[in-house]
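There are structures below to look over.
What follows is a pair of complexes built around chain A, which joins chain B in one and chain C in the other.
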Partner chain A sequence: MAHPSQLGFQDAASPVMEELLHFHDHTLMIVFLISTLVLYIIMAMVTTKLTNKFILDSQEIEIIWTLLPALILILIALPSLRILYLMDEVNDPHLTVKALGHQWYWSYEYTDYNNFGFDSYMVPTQDLTPGQFRLLDVDHRMVIPTESPVRVLITADDVLHSWAVPSLGIKMDAVPGRLNQTAFIVSRPGIYYGQCSEICGANHSFMPVVVEAIPLKHFENWSTLMLENS
Partner chain B sequence: MSDRINEKIQNYRTAPFDARFPNTNQTRNCYQNYLDFHRCNKALSAKQQDPAPCEWYRRVYTSLCPMGWVQRWDEQLEEGSFAGRI
Partner chain C sequence: MVREEETSQNKGFKLLGILDVQRIPCARNAILHGAGGSLTTGMLYFLATSRVRRSFDVGFAGFMLTTLGSWFYCRINNAKLRVQQRFIQEGIKNKIVYEGSVLDPINKPKAENPSGPS
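Here is the complex of A and B:
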């Protein structure tokens, strides 16, 4: 989850997010190197007493500062496209969950075997128990098994919302009348937080997304329990 | 042939990848399977055949479609106001 004064991404909980993290590191390093070089040149130009009023042209440096940026762009584009196609791979999900956005809560439906669904409301600040996160925790989390390909179909009941979980590298708009698909695999058990990412009215900031990933055996126990209780 | 279909239905886990709907927008996938289920039922019942193979479409649309959508369409079907051609 997010931490105060956080600068970078949250720890990755899915393989795709790991790839995105590494790609970001790679690209940011290139950006830092270029910025440092430019800043150095600016400083050098500004702090010298030497002048040359007769520089007209120079074929060599023109070639260098044309080819080098092209090469750098290719070095950025190749990993970028690799990840793009990786995210677009055909997957064979083990489970389908539907996430429906409402004003102002999410509801989750697990209908592969039974018609099972529940609402997920944010825990109001005055009702927080010690250890719970303000504006992030919910009463019922979306539970999924670890290391299983999961398909999430996202839609909305009223206005636009957006279902986002940064540590899984997912953000998908919830559009009324449309079913948007995204898929992911959670690498490790844990609780992953996200927030609604499309302005949807007064309580847009107060409808978080919480995904709880547990081993498959426990997931089967959970779903049996939820079915019995509903 | 019906053995293969029955086996597929028995081993059903969730809606598999459908190459007709490869992209992010799965609205049509849900709707098409709903239509196909009812068309299959209608066609097989008209020929006095066992509608068991139609179960596949029902499983797929149940997996994909939000319960609210299915409920609304079922009500429309009962009323006779469903817009799709079945």
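Here is the complex of A and C:
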């Protein structure tokens, strides 16, 4: 999860998010260099005594400041498109989970083998136990196995919501009457937090998403337990 | 636990408030190489021409080119290492999973044993 006053991305927990982090580093370095160049030019312009009131054109500088931005854009676009297509690669998911957005909670359905589902409500602040995170923890987490491709089908029951987990690099709108699909692989066990990302009413800020990734063997035990309880 | 991690780690030094040179791989080396390249080119140009202002311009150009060159060189090597790391991880996982089976990657076909004395 994010720590207080964090500005940057959270640590990546999926291969796609790792690629996005690397792409962000690449683009940020380009942005940094452009900013440095602009700052230097501003300082140079401000501190010079040289003036030329009669300059009309200059072929060389025009060529440079046309070609250079084009080159920079290509340098940014190529890795960007690579990741875009990487995110849309056809994969063979081991598990499909349905995430439904309601006002104001998420519900998850595991219908691959035996049907079970549960609601996921935020733990109210007054009911938090020591160690739990305010506005982030929920009563029932969405549990998935690690190192397994998982498909999530996202929709909503009433108004627009958005299912987002930053450390997995996922954000997908939950639209009533529409089924959106996203897929991911969680690289390491852990608990990953996200929040509803589409304004949906009074308690929009109080319907978090919590994904718990556990090894497959423990996931099987958990799903057996959930079936028995349902 | 989050606060302990935060206080134990350095908060990171951000150039121009955006580029965290401590956390981003290759950033620190690229900036340092750039600084060195900038000093070198600027000084050399000044020694050759004694033009102060133009030396600064040349030094800045040297900074940009050296930073970019070092950055891309380091990132390409980094990317190759990450690909190798993924192959190795996959190989270790497969070795554990397939050990002793027909699919074991280090399982060599044994030559037929000669029949014993009758």
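Please note the rule applied: the second predicted complex is superposed on the first by the 229 of 230 C-alpha atoms of A that agree within 3 Å, B and C clash if a C-alpha of one lies under 4 Å from a C-alpha of the other, contacts with A are read in each partner's own complex, and residues count from 1 in each chain.
Here is the rule we go by: a residue touches a chain if its C-beta (ideal position, glycine included) is under 8 Å from a C-beta of that chain, and two chains touch if they have at least 3 such contacts.
Keep in mind the model is a prediction, meaning the values are calculated, not measured.
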First (chain B), second (chain C), both or neither touched by A:Asn115: first
First, second, both or neither for A:Leu100, with chain B first and chain C second: first
Contacts of A:Asp157 with chain B and chain C, given as first, second, both or neither: first
Superposed model, chain A: greater residue contact from chain B or chain C: B
Touching residues on chain B, where the partner in the complex is chain A: 12-17, 22, 24-27, 29-30, 59, 62-68
Of chain A, residues touching chain B in the complex: 90-96, 98, 100, 109, 111-112, 115, 117, 151, 153, 155, 157, 172, 177-182
Of chain C, residues touching chain A in the complex: 2-3, 5-6, 15-16, 18-20, 23-27, 30, 53, 57, 60, 63-64, 67-68, 71, 75, 79
Residues of chain A defined as touching chain C within the complex: 1, 3-4, 8, 22, 25-26, 28-29, 31-33, 35-37, 40, 44, 48
